[in-house]
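Presented below are the structures under discussion, each in the form of structure tokens.
Same chain, two partners: chain A is paired with chain B first, then with chain C.
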Partner chain A sequence: MARIIVVTSGKGGVGKTTTSAAIAMGLALKGFKTAVIDFDVGLRNLDLIMGCERRVVYDFINVINGEATLNQALIKDKRCDKLYILPASQTRDKDALTKDGVEKVLTELKRDFEYILCDSPAGIERGANFAMYFADDAFVVTNPEVASVRDSDRMLGILASKSQRAETGQEPIKEFLLLSRYSPSRVKDGGMLSVDDVKEILSLPLLGVIPESKSVLEASNAGVPVILDEKSNAGAAYKDIVDRYLGEEVPHRFIKVKRGLFSGLFRSK
Partner chain B sequence: MSLLDYFRASKPTSAAIAKERLQILVAHERSSRSQLSYLPKLKQELLAVIQKYFNVDEKSVSVNLEQDDDRETLELNIVLPDDELTK
Partner chain C sequence: MPIDTQDLLVTESVLEFKSRAINVSTLILFSPQLDDIQEKLQQKIAQAPDFFRNSPLLINLAYLLTHSQSIDITKLILLLRELEFLPIGVQGGSKSQHQIAIAAGVPVHTMPVKKITQPDSVQKPVIKKIEVKLITQPVRSGQRIYAQGDLIILAQVSAGAEVMAEGNIHIYASLRGRALAGVQGDISRRIFCADLQAELVSIAGNYRLNDSLDNSLSKQNVQVFLQDQALIIEAL
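Showing the complex of A and B:
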């Protein structure tokens, strides 16, 4: 049975698309047939982050409108043959997205895929609502920063009341916290909310902490999901997150400041 | 903990201020959210049950949810019509 995961946050710029790309790649590398859908109609970017922007022929809206089949629109990843990308339309109005249309596409994908990731746009409008409406699990991407935490909480309220699971009285969407752009040294200095602070405020189980890392920008520059960067902490964090999501017990990393050889001697504060 | 930290302890860090502000805000926004979502429906369903036994209209039933720090009180107030007691 396929599982639908929404990657959401409310606030923009916190790392939803980076997370969608990394986790979709991670699940596919584990051998699961995975599709990742861009719900940001008019402002698509998942294709860029995945590095397949020049291979887009048909998009999500074309499939909804019956102008292309799902197989024509799905882009097979060149690095992993278990991974497929469904790009958003760049030219259409966002009203082109309809609940029936989204349901039709998801139902068709569910027959063939094991995991379907829905990369939500920012905000709480149409695209964001449809991205989460049919979800089984929600990855709430949050930065340790007041506006992001508040918007995540708002999103949790919407997940709990306006999803299909909520409206039909099924078991609620399983929500997970992904704390991104985390800087242990700034937390230690008292200049950034800690992972425990955010967990406590949102009362969400933590799926993983993604440290602030320059490799995230470098990966997006190159169109390579950061999880493929073997040397980067952010990539390793996403690998852990995939393992944890699949039920493995992986200790949390990147939460504490790493003590260097000399840090004890030169610590000034 | 160094001596410097000891003096610093008197002034909360910006992260501590952020946490406190968020806790207050989130608690407030959650309470208004939960009231909006189920209170009207609860009132409607209670009214339907009460109407099975008494001839009352919507105006004679009031439902209020009050929230204190550690408890919630659901207050239900029904004004029964006089002649109904003989039913």
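Showing the complex of A and C:
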């Protein structure tokens, strides 16, 4: 049975697309047939992060409008044959999304795929609502700062009240906290909220902490999901997150300040 | 030259029918005993003879009918006329009672009759059902909860959320949003919570903002109530 995961946050720029790309790749590398959909119609980014921007012919909106089949629009990843990307349309806006259209595409994907990731746009409007409406699980990406935490809280309220599961009285969406751009040294200085602060404010189970890392930006610019960067802390954090999501017991890392100047220098690449 | 339509109508027609509602005394009977009725009526007339003389009267038989008590309509009408009442109608009786009334020259009023209760019967007290709302999930930023009675919340109330109740509010976790109890003005209502970090607390419109809350009270059970129009926040 396919599971639909929405990667959401409310606030922009917290790392939703980076997370979607990394986790989709992680699940595919584990052998699960995975699709990742860009819901950010008009501000298409996922194709860049996945490095398939030159291979986009048809997009999500074309499929919704019946102008292309799903198979024509899905882009198979060159690094992992279990991973497919459904890009957003860059020339349209969120009004092109319809609930029936989204449902049709997701229903069709569910027949073939084991995991379907929905990369939500920022905000709580149309695009974000459709991205989360049919979800089974939600990855709430939050930065350790008050504005991001509050927006995530707002998004959690919407997940709990406006999703299909909520409206039809089914078991609620399973929500997980992903704390990204975390810097233990800045937490120690008091310049950033700690993991415990965020966990307490949101009262959510923590799926993982992704440390602030230069490698995220480098990977994005290169069009390589950061999880493929063997030497990156952020990549390792995403691997842990995939393992935890799949039910493995993995201790949390990257929460405490590293002891010793040298080990810190070597590991924070 | 303006035409006087009133004149026109009067000169052209001899009569016209119009529907009018009039106020008539209704005689509601709770007993079929003619002797008792006569006695009671005579007592009434003795109190104000001019008021009752030749006064039109509607006879209501609904109570007798629902309690299956029969009454001699012919004799009743004769009795009323003897006492100088002018019966102008019956209502709420059986079919045969109505036929007898018509035979005696008294018309039947078939308008729906309200259920008649004896005047001395005690009215049942109306018990107002008080709704108690129970919330088990966190109340997130941007959500609003309203309860007409008491509101019980087992999870946290996030910053930017708003919980309101006409009754009391109980929160068995952190309160970081707004809580307003007694929103319909009941000053006896209270707010109870396990960790007060609220943006705002209010009882019947008397509010306090986070700025004026005592930080030493966080992480413990507190109650908020009104005393002499002052909002009191104290540890439990």
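Quick notes on this structure:
Everything below uses one rule, namely that the second predicted complex is superposed on the first by the 260 of 269 C-alpha atoms of A that agree within 3 Å, B and C clash if a C-alpha of one lies under 4 Å from a C-alpha of the other, contacts with A are read in each partner's own complex, and residues count from 1 in each chain.
In this section, a contact is a pair of C-beta atoms (placed from the backbone, for glycine too) under 8 Å apart; a residue touches a chain by one contact, two chains touch by 3 or more.
What you are looking at is a predicted structure, and each value in this text was computed from that prediction instead of being measured.
When the two structures are aligned on the shared chain, A:I201 is found in touch with chain B and with chain C.
Of the two partner chains placed around the shared chain by superposition, chain B is the only one that A:L193 touches, whereas chain C remains out of contact.
Shared-chain residue A:T107: touches no atom of chain B or chain C. Shared-chain residue A:S185: touches no atom of chain B or chain C.
In the superposition on chain A, A:Q72 contacts neither chain B nor chain C. Contacts of A:Q170 after superposition: neither chain B nor chain C is touched. In the superposed model, A:R154 makes contact with both chain B and chain C. Shared contact residues on chain A (touching chain B in one structure, chain C in the other): 150, 153-154, 157, 161, 200-202. Across the interface of their complex, chain A is touched by residues 2, 4-5, 13-16, 18-19, 21-23, 25-26, 29-30, 33, 37 of chain B. Within the complex formed with chain C, the residues of chain A that make contact are 150-151, 153-154, 156-158, 160-161, 172, 200-203. Residues 137-143, 155-156, 158-161, 174, 176 of chain C are the ones touching chain A in the complex.
By the touch criterion stated above, chain A contacts chain B in their complex at residues 145-146, 149-150, 153-154, 157, 161, 187, 189-194, 197, 200-202, 269.
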